[in-house]
Amino acid sequence: MKKSYPSIYYSDYLHLEKLLTSQSPKSDEYNEHAHDEMLFIIVHQAYELWFKQIIHELSSVLDMFCKDNVDEKNIGVAVSRLRRITTIQRLLIDQLNILETMTPLDFLEFRDFLIPASGFQSFQFRLIENMMGLNIENRVKLDEKNYYSLVSDEHQKMLLDSQNSVSLFDAVDQWLSRIPFLKIDKFDFWEHYKYAVGTMMENEKQIILTNPSFTEEKREKQLKVFEGTVEKFEALLNEDKHNELVKQGVRRFSYKSTLAALFINLYRDEPILHLPFRFLTYLADIDELFTTWRYKHALMVHRMIGAKVGTGGSSGHHYLMQTAEKHKVFKDLFDLPTYLIPRSELPELPEELKSRLGFNYKIKI
Amino acid sequence: MKKSYPSIYYSDYLHLEKLLTSQSPKSDEYNEHAHDEMLFIIVHQAYELWFKQIIHELSSVLDMFCKDNVDEKNIGVAVSRLRRITTIQRLLIDQLNILETMTPLDFLEFRDFLIPASGFQSFQFRLIENMMGLNIENRVKLDEKNYYSLVSDEHQKMLLDSQNSVSLFDAVDQWLSRIPFLKIDKFDFWEHYKYAVGTMMENEKQIILTNPSFTEEKREKQLKVFEGTVEKFEALLNEDKHNELVKQGVRRFSYKSTLAALFINLYRDEPILHLPFRFLTYLADIDELFTTWRYKHALMVHRMIGAKVGTGGSSGHHYLMQTAEKHKVFKDLFDLPTYLIPRSELPELPEELKSRLGFNYKIKI
Amino acid sequence: MKKSYPSIYYSDYLHLEKLLTSQSPKSDEYNEHAHDEMLFIIVHQAYELWFKQIIHELSSVLDMFCKDNVDEKNIGVAVSRLRRITTIQRLLIDQLNILETMTPLDFLEFRDFLIPASGFQSFQFRLIENMMGLNIENRVKLDEKNYYSLVSDEHQKMLLDSQNSVSLFDAVDQWLSRIPFLKIDKFDFWEHYKYAVGTMMENEKQIILTNPSFTEEKREKQLKVFEGTVEKFEALLNEDKHNELVKQGVRRFSYKSTLAALFINLYRDEPILHLPFRFLTYLADIDELFTTWRYKHALMVHRMIGAKVGTGGSSGHHYLMQTAEKHKVFKDLFDLPTYLIPRSELPELPEELKSRLGFNYKIKI
Amino acid sequence: MKKSYPSIYYSDYLHLEKLLTSQSPKSDEYNEHAHDEMLFIIVHQAYELWFKQIIHELSSVLDMFCKDNVDEKNIGVAVSRLRRITTIQRLLIDQLNILETMTPLDFLEFRDFLIPASGFQSFQFRLIENMMGLNIENRVKLDEKNYYSLVSDEHQKMLLDSQNSVSLFDAVDQWLSRIPFLKIDKFDFWEHYKYAVGTMMENEKQIILTNPSFTEEKREKQLKVFEGTVEKFEALLNEDKHNELVKQGVRRFSYKSTLAALFINLYRDEPILHLPFRFLTYLADIDELFTTWRYKHALMVHRMIGAKVGTGGSSGHHYLMQTAEKHKVFKDLFDLPTYLIPRSELPELPEELKSRLGFNYKIKI
C-alpha cells in the first residue's frame, strides 16, 4: 500500500448510476402509478444487498473451517464475522417495520402486476440456507415442489451446486469431532460426568419420593418427567442410541461432535474454549434470528393479504410459519442445555489438563 | 396549577428507597451467590413496570370506548395511547436481548431455587389479556389447568373480575356496530360493493378459463382457489353465514361491526375515517406485537432450558409457542385484507355522503 | 387492472443482475484483498437506496403542499409518508451498528484506495437536505468550500436546481400562513391567549417575590430568568419583534405561520387540527432523527480514524458534529414548547368556532 | 444445590407488592389528574432499575481488575459482562422513544408539581460515572455547582466515597501497564514499530511533494497536515512528551498503558490478545453509548420544554449536550486509531514471542 492511487469519486465507487436506475415500477410501465411500489422494490433490493453481504461472510468462515486444521487465530476472526451476520440479521428483522408502513389497500394497487414473482424466488436466500447446511429433506415443500424448481435455470444450477458442497454444518461437525481433551491420559471426562449426573439424578428422585407436600398424582407425574430426563442422559452417553436418534432425524451432529459441543459449553471459561464457545453461540444465534425473521415475515404477510393466496401462487403465510419452525440448521445446539449440569456439580479437571486449556505465556496481569 | 408546590426530591418522587431494595436474590439467601440472578430479577421487574403502564393506557382507552357515545375528540387521544402501547411493546421485545446475555449454564446456578415460580404467574400480563378481550375458551391451557389457578387467591379474584368486565374487544365491537354511513338515503353501499366484487370475480374467472399457458391441472387448481375466494365474499355479505362463522369461532366481530371495519379500511382517506382507521390498525399492531413477543420468548426459553421442564413445572417453550398463535384477540382485523378491493374498483360515493365524511369548516389551505 | 399481465421473475423485477454486480472492491482490483471492503460498499449502497426512497416520499409530500390549496384528504396521506420516512431513518441509525463491526485496523487495509471519495459526495443526501429546506447560508462549510463543489458537474447542476426550488420548509410556511381560525367574527384568539399568559406571569412573579425559602441571591436569579420568559412571550405576539428575529436568523417561519403552528399545538385535540398536529410533529421528528444520525455518525468516524483526516481530506468528525447542530431545518418547531400554556389555562373557544373545528357529520358513536 | 427449596410465588419473589405501589403521581395528590404522569414515573423507574443492574455488573468487573493479578479466566467473564452493559445501554437509548410519546403540552400538565426534582439528582447515574472513572475536574458544572451538591446528604456521602475509590479507569490503567510482551529478550517491539512508521511517513511525504496534480496551495496544506501527524507519532513514542500531554489533560492513560493498548489493538488476532482487545473495545462502546444517550436525551429535553428552564432549575438541554462531549472516560481509546498502521506494515513478531501469544495446547483442529 505504498504508492498513491487514482482519485475516486464516491458515486463511481458505489456504481450509483447502476444502483439508482434499477427501480422499474410495473405500475408506471402500465400507466397505473402506485406510489408504494417504489417502497416495495427498494425494501427487497436492500434485502438482496444484505444477503450478498451475509454470503460474503459465510463463505469466508466456511473457507477457514472446511480445512483439516483450523488455525487458532482464525477462530477469533470467525467469531467476529458470525457476530457481524447477527448484527445484519437484526437489521433485516427491523426492516420489516418499513414494509409494514405499506397498507394492504396500497399493496393491492400493484399486486396483480407482479404475479408470479415472489420472495420464494430469492436464490441468494436459498443459497444462504444451503451454505448454512439446510438439507433438502428438511425443507418445507411449496405446493409439493422443491425449492429450486421456482427459479431460473441459471439460478437452479447455482443452488444445486451449493446443495452438494460442504456446508457450514458439515464443517463444524467435522471440526467438533476433532476436538481433543475428552480423554486425556488416564482421565476420562465422561466417566466423571456420568457419575455426577447419576448422583444428581438419585438425589432428585429422593426428593420426589419423599416430598410430603406432593399428592400421589403429582408425585407420579413428577416421576414420569424424571424418567424422561434419565433417558435423555442415557441417550447422550450411548453412541448407539445417539446414532439411532440421528437416523430418526432427532439429532444431526455426530456422537463425538455432540460431546465436544457439550464439553465446550461446560468449560467455556477455560481460555482455550472461550472463543469456540462464542463461535457455537453465534451459530445458534444466526439460526434463531432467521427463525424470528421468518415468523415476523409470516405475520406481516398475513396482515398484508389476509386469507388470499400470495403472488407466488401459494399461501405465503403458512409456508413461512412452517419454515420458521423447520428450517433451523443447528437445532442440536438448542437442545444442549438439556445436558448441562450446574458448575458446582462439574467434575474438577486434573491440573495438567487445566494447564493445557490455558495460554502458553503465564501472564499474571 | 396556580400556587407553588412543596419541593420534591427526585429519589422520593420515584420511591427509590422501595424500588431499589426490592431485589432479593435467593442464591444470596441460600449462600450460593449466583451473579446473574440479579439480572433475572431486574428484567422481570422491568417487565412488570411496563405491564402496569400498559394497563394504565388500556384502562383509559376502555373508559372512552365503553360509553354509548364516543366523543370524537377522544379518538385522536385513543390513537396516541394505543401507539404508545406499541412503542412499549417494541421495547419489551428488545428487552429479551438483555435476558439472552445470560447463558443456560449461568441460569442453572439459581434455577432450582425458584421452583415453582414462573412467568405464567404474572397476573398483570393475564389482566392485559383479559382487558384486550381474550376469552377463557380461546386460552391455551397449561397442564389442563386454567390460567387463574396458578396465582394467589387475591390475584385470582382480580383476574376473574376482569374476565367478567367489558373488554376492549367488546367495546370496539359495540362502537363499530354503531358506525353510520353504510346505508344513507337511497344509497346502499353494500349493493355497490357486491356489484364491484362480482365484476372483478367474473373477470378473474375468464382469465383462468382462457389463459392458454395453463395446463389443465393448473387451471383446475386455480379454479378451486377461485371458488374459495367467491365463498369468502359470499360469507361476508350474508348475515346468516357470518353468524354461522361466529358460532364456529372463525369470526368474532358482529356482522355489522365487520362491515363497518371493512368500510373504514376502504375509505380511510376520508377525513372522518382516518383516525378510526389508525385506531383499528393499532389494535392489530398490538396483537401482532404480543404475538411476536410470545414467539421470541418461546425461542429464548428453548435455548435457555433445552428440553427440560420450566420452573413452572411445564414445557414453557411449547406453551408459549401455542399462545403466540392462539391468543390473538383481534384476528378478524387480520382477515379483513381478504375483502379489500383495489381503489380503482371502489364504488364512487355520492357527493352528499362524501361531504358528510369531511370537516365542517371547508378550509382550503 | 382488469387484464392479466405478463409473468414476472423476481430477479428480473428487482434487476438483481445489475444490483448484485455493482460491488467492485478496490482492494481486489489492486490485488490486496481486504475482506471488509465489501461491507463498506454494501453499507453505503444500502444508504443510497434508502435515500432514494426518502426522496420519493418527500417529493410526493412536496407536490401536495406546494399547491395553493391543500386537499384535506392529503393531510392524512402526507402524515403516513412522513411517518414512513421516520421509520426509514431509525433503520439508517441502526445501520451504523453494522458498519461499526468493522474495526479501525480492518478499515486501514483499504482506506488509502478510496481517497478522495467520501460520504460528503452523496448528492442524494444533499438533495434531501435541499428538499427539506436547508439554506445555503445555514450549511456548515467544509474546508471553506460550498457543499456542491465536491460533486461532479452533473450532480452539481441537480443540487443547484433543487436549491432554487420550493422546499418543504417553504411549502409548509405558506400552508401554515393560510390557516384560518385565528380571528373569527368577534373572537380574537390571541387577545385571550395574551391575557392568559399575563395572568400566569403575574402569578409566577408573586411566587418569586414572596417565597420565604429563597435567599436574596436566588430570588434575583429567578427574577432574571422570569424576565427572559416575559420577553420571549412579547416577541411572540409582536410582529415587528418577530421579523427582527427572522432577520437575525433566530426565527425562520413567518409571523403568521408561527402563530398558526402554536394554535395547532394548543388545540390539537380538535378533530380538524389533529392531523395537522401530527404533520408538524413528524417534521420535527425527521429533523431530530437526521440530527441523531449525524451525531452517531460523527462518533463512529472518530472511533474509526481517531485524529486522522478523513478520506475526503478533512476532519469528518468535527464537520459531522457541527452539521448535527446546525443543519436542522424546522428548528422553529423545536422552540414552540416555550409558548405552550397548560390546558387548564387555555382560553375556552366559542361554541361556534369549536363546531367548525369538528366533523360535518355529527356522529355520536 | 442438592436439597429441595421452599416454594416460591412469582409475585413475592419480585416484591411486586412494593414495586407496583411505588407510583404516586403528584397530579393525583393535588387532584389535578394528568394521565401522562404515570408514564413519566415509570420510565424513570425503569431507568433506575437498569442503573442498578449496570452498577451490579461494573462492581463485579471492578472486583476482578483491581487485583494485582487478573485471573486469565476472568477476562472472558468480564468481556461478557461489559457486553451485557452495552446491551442494556441500547435499551436505555430506545427507552427515550417511549418518553417521546408524551407531548410537551401533556408534560406541562404536571411539570410544575415536580420542581425542583430532576434527573440530575439520580445518584445511581452519578455513581456509574464515578465507577467508570469520571474525574471531578472533567465534570461539567451545573449552575457552577458540583454534581454532589444536588443530592441528599446520604446520597452525597455515597458519591464522595465512590469518587475516592479505585475506578474502572484506574484499574484498567494499572492492568495495561503490567502487560508484558513489549520488550522481550532482545526484541524491542517499539523500535520496529518506529521504523515502520518512519518508512510510511517518508513515503507519504514524497507523494505530497511530487504529486503533479496538486496546486502549491494544496501541497502546502497537505504538508501541514502531514507534520501534525508526524508530531502525534513522536508524542506517542516519547515518554516525556506523553507525560506533558497527561498534564494538559489531553491524555489520561500512563505511557506504558497507552503503548500496551496500542499493541493489543495491533496484534488482536493473536489468541492471548483477542479477549483483551474485546475488553478494550467494550469499554469504548460503553463510553460511546452513554454519549449517544446523553445526546438523544438533550434533543428530547429541547423538544419537551423548548427554551424554558428545566425542573431542576437549569437549562437541561445545554448541560446534557456538554456532558455528551465531555463525560467520556476512555477517550484515550478513541484516539488510538490515529496510531494504527496497516497489517501489511506491521513488524513481524519473532517466532518465540508468537508462540507465547498462543495457547499452551497446540490443537490443530
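Points worth noting:
Order of writing sets the chain letters: A, B, C and D. Residues in each chain are counted from 1.
Note that in this section a residue touches a chain if its C-beta (ideal position, glycine included) is under 8 Å from a C-beta of that chain, and two chains touch if they have at least 3 such contacts.
Quantities reported herein were computed from a predicted structural model and do not represent experimental measurements.
Relative to the C-alpha centre of chain C, the farthest chain centre belongs to A. Looking at A-B and B-D side by side, the one with more C-beta contacts is B-D. Averaged C-alpha coordinates put the centre of chain A at 29 Å from the centre of chain B.
Distance between chain centres (mean CA atoms), chain A to chain D: 32 Å. One finds 39 Å separating the Cα centroids of chain B and chain D.
Residue positions 1, 7, 32, 109, 268, 342, 344 of chain A each touch two or more of the other chains. Chain A meets chain C in the complex at residues 1, 5, 7-11, 13-16, 18-24, 26, 30, 32, 35, 38-39, 41-42, 44-46, 48-50, 52-53, 56, 60, 80, 83-84, 87-88, 90-91, 94-95, 97-98, 101, 109, 112-124, 151-152, 155.
The part of chain D that touches chain C in the complex is made up of residues 32, 103-105, 108-109, 225, 229, 232, 265-266, 268, 281, 284, 288, 291-292, 295-296, 299, 302-309, 334-344. Contact residues on chain A toward chain D in their complex (touch as defined above): 1-4, 7, 69-70, 72-73, 75-77, 175, 178-181, 203, 207, 211, 213, 268-272, 274-275, 342, 344-345, 355-361, 363-365.
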